[in-house]
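What follows is chain A paired twice: with chain B in the first complex and chain C in the second.
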Partner chain A sequence: MIVNDNKIPDMPPPASTVGAVGWLRKNLFSSWANSILTVVVGYIVISNLIPLIDWVFLTSDWLGDSREDCTSGGACWVFITVRLEQFIYGFYPESEYWRINTIFVMLAGLIAALIFEGTPKKGWLGAFTLLIFPIIAFYLLYGGAFDLEVVETHKWGGLSLTLVLACVGIVASLPFGVLLALGRRSNMPIVRSLSTAFIEIWRGVPLISVLFMASVMLPLFVSGETSMDKLLRALIGITMFQSAYMAEVIRGGLQAIPKGQYEAAMALGLNYWKSMGLIILPQALKLMIPGIVNTFIALFKDTSLVLIIGLFDLLAIVQAALSDPKWLGYSVEGYVFVAFVFWIFCFSMSRYSQALERKLHTGHGAR
Partner chain B sequence: MSTQNNNVSSEIMIQLKGVNKWYGEFHVLKDIDLSVSKGERIVVCGPSGSGKSTMIRCLNRLEEHQQGQILVGKTELTNDIKNIETIRREVGMVFQHFNLFPHLTVLENCCLAPIWVRKVPRKDAEATAMKYLERVKIPDQAYKYPGQLSGGQQQRVAIARSLCMNPEVMLFDEPTSALDPEMIKEVLDVMIELAHEGMTMICVTHEMGFAKTVANRVIFMDGGQIIEENNPHEFFDNPQSERTQLFLSQILAH
Partner chain C sequence: MKKLASVAAVSAIAMGLSAGAQAEETLDSVKSKGFVQCGVSTGLPGFSNPDEKGNWQGLDVDVCRAVAAAVLGDASKVKYIPLTAKERFTALQSGEIDILSRNTTWTQTRDTKLGLNFAGVNYYDGQGYMVSKSLGVKSALELDGAAVCIQSGTTTELNLSDYFREHKMSYTPVVFDTSDQTVKGFEAGRCDVLTSDQSQLYALRIKLADPSSAMVLPEVISKEPLGPVVRQGDDQWFNIVKWSLNAMINAEELGLTSANADEMSKSSTNPGIKRLVGKEGPKGEGLGLNDDWAFQIIKQVGNYGEAFERNVGTGSPLKISRGNNALWSKGGFLYAPPMR
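Let's turn to the complex of A and B:
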C-alpha cells in the first residue's frame, strides 16, 4: 500500500523551455538538420526581402506628374498616383465622382456596423444592406432618378466596376445557391433534376465562355430592339456561374447536418421552409463559412475576366493605362498595384470569415 | 393495478389498423393493430430490428406506412401535408439522441416551435418554456447551449421542448439508450412524473423497471409483429409466448 501525504509545490519549468530562447530552441533549432534549414531559408528570405523593400519603399518615387519625376531607380508609384482616379472611377464623369464616393462611404459604414459587436438592431441593418442599399446604390451609380444625370454602364470601370461585379455576384449567388442546393436535395423529381441539370451545366463551362456567350451569343438570340445592357449580361452570367458553385458548397453543408435535426424539426410540426430556415440552414451555413468565403474570394478575382468582353475592371483599366506611350515600361508597378488591391479585399474577407467562425462557435459537436 | 389505470378514459387517442410497411423488399411492420386510449401509458419492447422504433415513427409520419390505417385523434395520417402537420403539432417526440438544436440556447430550443408553429407571442412562449424547464428541473440552464449540458440534461430539455407544444401524446424512442448509467434515473424520473400527470405516452424502451412502475400495457414486438400484449404484471411474471420468454430471460438475466 502506498500513501503519499507530501504535497509537492508547483515549480517553474526549466528556463530553457520557456520564453524566446525556449521558443527558438523548440521551433527553429531543435536538431542539426533543422538548424541548417533555418539558416538557409532565413538567408533566402532576407536576401530577397531587402531588395524588395528597397524597391517598394526606400528608392521609390511617389509624387510627381510624369515619368520624369521617377529618378530614384526604385518603383515608380507616380504612375499609380497620377492615374489613381481613373483606376478607381473608370470613365465615370469627374463631376459625378461624389456619387461613387457616397456609395463607398455608405458601404464601408454598413459593413463596419455589421461587423461591430454592439450594433443594435443588426437584423434590420442587414436587411437594409441587402435589400434597400442596392437600390440606392443603383440609382446613385446609374442615375436617371432624383435629378441625377444618367451615366451609361460603358462609362463604369476600374475598382468601382470590380466592386459592383463582386458585390452583386456575392449577394445574388448566395440565395440562388441555397435554392439550388435545396432543389438538388428535394424529394420532388422535377425540381431535383432541373436543379441538378442547372448546376452541372454551369459548373461544367469555363467562366470565360459563359461571358463570351453572354456578350456575343445572347444578343443573337434576342431580337435587336430588346438589347440588354452588356454589364447586366455579364452580371447575370457571373451570378449563374457562381450560384452553381455555391450550391455545391451548400449542399455539402446540408449533408453534414445529422438526420436527427431534420426529424426533430419535423416532429415539432415545423414545415419544410421553416425547418430549413430556422434549423438546418443556420447550422449548415455556419459549417460552410470557409467554403462559402472561398467561393466569394474566387468570385472576386474572377471578375477580372470581364476584360475579355470589353468591360474595364481594375485589371483591364490598369492594363490599358500601361499601353499609354507616356508610361511605357512600368507594367511591374501596375500589376503589383492591382495584385495588392485584390489581395487587400480577399484577405479582409478571409479574416472576417475566421472571426465569424469563432463568434458562431457555440461549443457543441455536430449532433 | 388500480393506480395504473387512473386517468385512462375510453376516448381513443391513437389507432392502428392492419398497418404494413416495407423498406424496399424488407417487410418491417406486419399487420400492426393497436389502439391507445387517452391517458394510457404503453411500453413497447423487443429485440433490435423488431420494428418497434419504426412503428412509433410511423405515428407522426417520420416514416410512411404503405398499407393500413393510422388515426391520431380524429385525423387520419395520409399524404395530405396539412393532416401530417396537424398531427405533428399534437404529438410530441423524444429521440434516442436528443436531437436538440445545437445553434440555439436551451430556452430558444423550447420556444421555437410554439412561436413559429403555434404563433404564440414570444413572451408567453418563454414563460411556458421556463415552466416546463422547471418541471424537468433545469431552469438554471436555460441560457446555455445544448453542447454545454450533460446527456441527461439534454434529454430532459428535449422532453421540455416537446411539452412546450402542449401535445396530446408523447412518443419516446429509446430515450435512455444513449445515456450513461448515472443519468438514466434523472430522465426516467421526469418521465414517471409525466405519466402520473396523465399524459398519454408510448415508450420504446428497455427500462423494465419503468415499464413495471408506470405502464398500463406492455407490448412485445419481434420480426415486425406484435407478439404479446399484456399488463405489466402478467407480462413479466407470466409471459405467454416463447419468444417473449426468451427475450425477457435475456434482458433480465444480468
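Let's turn to the complex of A and C:
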C-alpha cells in the first residue's frame, strides 16, 4: 500500500482574494451596485482632488511680500506667510513675542509630560499644570510683575487669544460642571434648585446672546470707573455657559453608576465628599470622556464667536487682515488656513481622548 | 415683565446720567491717561483696518490720530478699540471709548435720541451702482429691467427699490448673504448690476478677477454722511473733535501739507496759514489745547486731501475719486468754517 505521508502543501489562495486585488474586490467591487457606486464616487473624488492639489500645492505661491508675488494662478499663501506673526500673536508688541513663545513651549512640554506614561509624580505635575501654570501664564501674558511690561488685553489676538479662551474655558468649566452636577443631584432643596436654575438658564440661551450681554449690556450697568475688561467679561460668559453644558454631561455619568456603588460607599462609612471623590466621580468621569471631550471640542470652535464682540481671535484677525486694501480678494486662502488650524487642534484633542479611554479601560465594559 | 422692563429702563437712564456727569472731563481724562480711546471697525477697507505690522490705518483712523496729535501732541497715542456695528454706540455711551470713528452715518435718530453728537463729516458716502464695462451702460437711468445683486438685510435693499420705483423702472433682485458672495455672483454673471455704498463698491471691485472690467456709475441714490461721534454733554471735547477735522480740511484749502508744514509755519506770510499753525488768531485757548494743536495734526497726520489719497484715493488700491469729498472750491461738499 502506498501511502503518501507527506502533507500536500497548501495551495496559495486564489489571486483574486488576496493582496490589493482581493481587498478591492472585497471592499469596493463586491456587487454590481457597489461597483457602480465606487466608480461614481471615485470619479467625483478624483476630479475634485486634482484641481484642489493643484490649487493648494502645485500652482501656489508661498514666498514674497505683496500680492504682485502671486503670479502662478493657484493659492496665494503669501497672504498667510506675510501675516503669519499677526495671526499667531495678534497685536502683541513684537519685542514681547518671547513671552507668548515661552507659554507655548511650557504648555506643550507639560501636556507631553502628562501624556507620557513613565513620567514620575504625575499627580503633582497635573496639579502644577492646573493651578500654578495658569498664574505664570497670566503674568507672562499680561505682565505687570517681575519687570515685565504690561500688555493690555486689547492687544491680544490671533491664535494665542483663541488658545487663552479655549484653555480658560476648558480648565474652569470642568470643576464648575462637577459641582453643578453634584448640586443638581443633591438632596438639599436649596442647593438643588439653585443648581438646576443655573444650568437651565445658561443652557437655555445661545452663546451669542451671552456674549452680547457681556459686551453690550454689562457696561451700561456698571459705571465707567470700574469697567471690567472686555476679555474678562467674555471669559466669564464662556465659562458659565460651558459649565452648564459640562454639568449635564457629568450628571449623565453620575446616573450611569449603579446604585450599589453609592450604597457600598456609604456602608464603608465614607462621608459624602469622600465617597464622591474616591468612588463615584473616578468611575463617572471615565465613562464620560467622550462626552466631555465632545463639549471641549465644541467649546474650542465656539471661541470664534467672540468676533461678534470685537475680540480678534484667529478667525476675526484673518477677517480683519482680509479688509486690508492691499490684500482684498484672498478670502479663500484665509478661511482655508483658519479651518486647517482649527482642525489640527480639534483632531489632536479627539486623538488624545481616545488614547485616554484605552488607558483607563479597566474592564468594566461588560456592564 | 413690564415691571422688569421699566426697572431696566430706569437704571439705564440713571447710568446715562452718571455717564453724562463723567463725560464733562473727557479732555482731562485723556490727558491723564496719555492716550485717546478710539472706537474703530473690525476691518473695513480704507477706513479702518490693521496692516501687516498690526498698525491701524484708514480714513477713520486718521481722525483718531488727528485728535491725539491735537490733544497730546503725538498722533500715535491712540488706543484702538475694534467694535462691531451693534456695540458701537454702547461703547461710547458707557465711556469705554472717547471717540467713535467707525463709518457711522449721521442720522436724526442717532444724533438726538442716543445721547450722542456727530462732530462733522469726514466722508460723504452714498449708495451707488457698479456695472460691467461690457454692458455699455453710462447712467443708472438705463438700467430698466436689470438683474441687481444686493446683500440681504441692509438699507441698501430699500433704497434700491425706492430708486427704481421713483424712475418707473423694473428690476430683478438677486440677494446674497455676504459681500464676498455678492461679488462672486456679479462675476459669474448672475446679475448686470451690483449695488452697495460707493466706498464699498471700490473695495468690492478689487475682489474681481479683472477689476478694470467693471465701472462705478456716477449716480448716488442715498445720503450717507459718515463722521466721528462723541458723547453728548461734553462740549469741550465735542469742539476738539470737530475742530481737529476742520483743521485738516482748512489745511488742504490753504495748501498746507505734512511735508511743507515746518517750512510754511516759519516763513509763510499768509494770515490764514499763520492762524492755522497758531502764530496768530484764536490759537488753542478756546479749545483748552496748546497753540500748535493744528500744526501738530498737519505735521503728523497731514491735511484731509493727503489722508484721503493715502487711504482710499490714488495712493491706495481702492482708487476712489474725490467726487463729493472734494473741497467746496473744487466742486465737492467739504467746507470747513474759517479759523479766526
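Operating definition for what follows: the second predicted complex is superposed on the first by the 341 of 367 C-alpha atoms of A that agree within 3 Å, B and C clash if a C-alpha of one lies under 4 Å from a C-alpha of the other, contacts with A are read in each partner's own complex, and residues count from 1 in each chain.
Just so it is clear, contacts are C-beta pairs under 8 Å (C-beta built on N, C-alpha and C of every residue); 3 or more make two chains touch, one makes a residue touch a chain.
Computed from a predicted structure; not experimentally measured.
More residues of chain A lie in contact with C than with the other chain of the pair chain B and chain C. Look at A:Gln283: by the touch rule set out above, it reaches chain B but stays clear of chain C. When the two structures are aligned on the shared chain, A:Leu328 is found in touch with chain C, with no touch to chain B.
Once the two complexes are laid over each other on the shared chain, residue contacts for A:Lys274 go to chain B alone; chain C is not touched.
In the superposed pair of complexes, A:Leu131 makes contact with neither chain B nor chain C.
Looking at the shared chain after the overlay, A:Gln261 reaches chain B, while chain C stays out of its contact range.
Contact residues of chain B toward chain A in the complex are 60-62, 81, 85, 88-89, 91-93, 95, 97-103, 112-113, 116-117, 145-148, 161-162, 165. Residues 11-12, 15, 18-19, 22, 42-46, 49-54, 79-84, 86-87, 90-91, 93-96, 180, 203, 206-208, 312, 316-318 of chain C are the ones that touch chain A when the two sit in their complex.
The touching residues of chain A, when paired with chain C in their complex, are 82-83, 86, 90-91, 94, 152, 154, 212, 215-217, 219-221, 223-225, 227, 230, 307-310, 312, 316-317, 319-326, 328-329, 331. Per the touch definition, chain A reaches chain B in the complex via residues 258, 260-261, 263-271, 274, 278-279, 282-283, 286, 360, 362-367.
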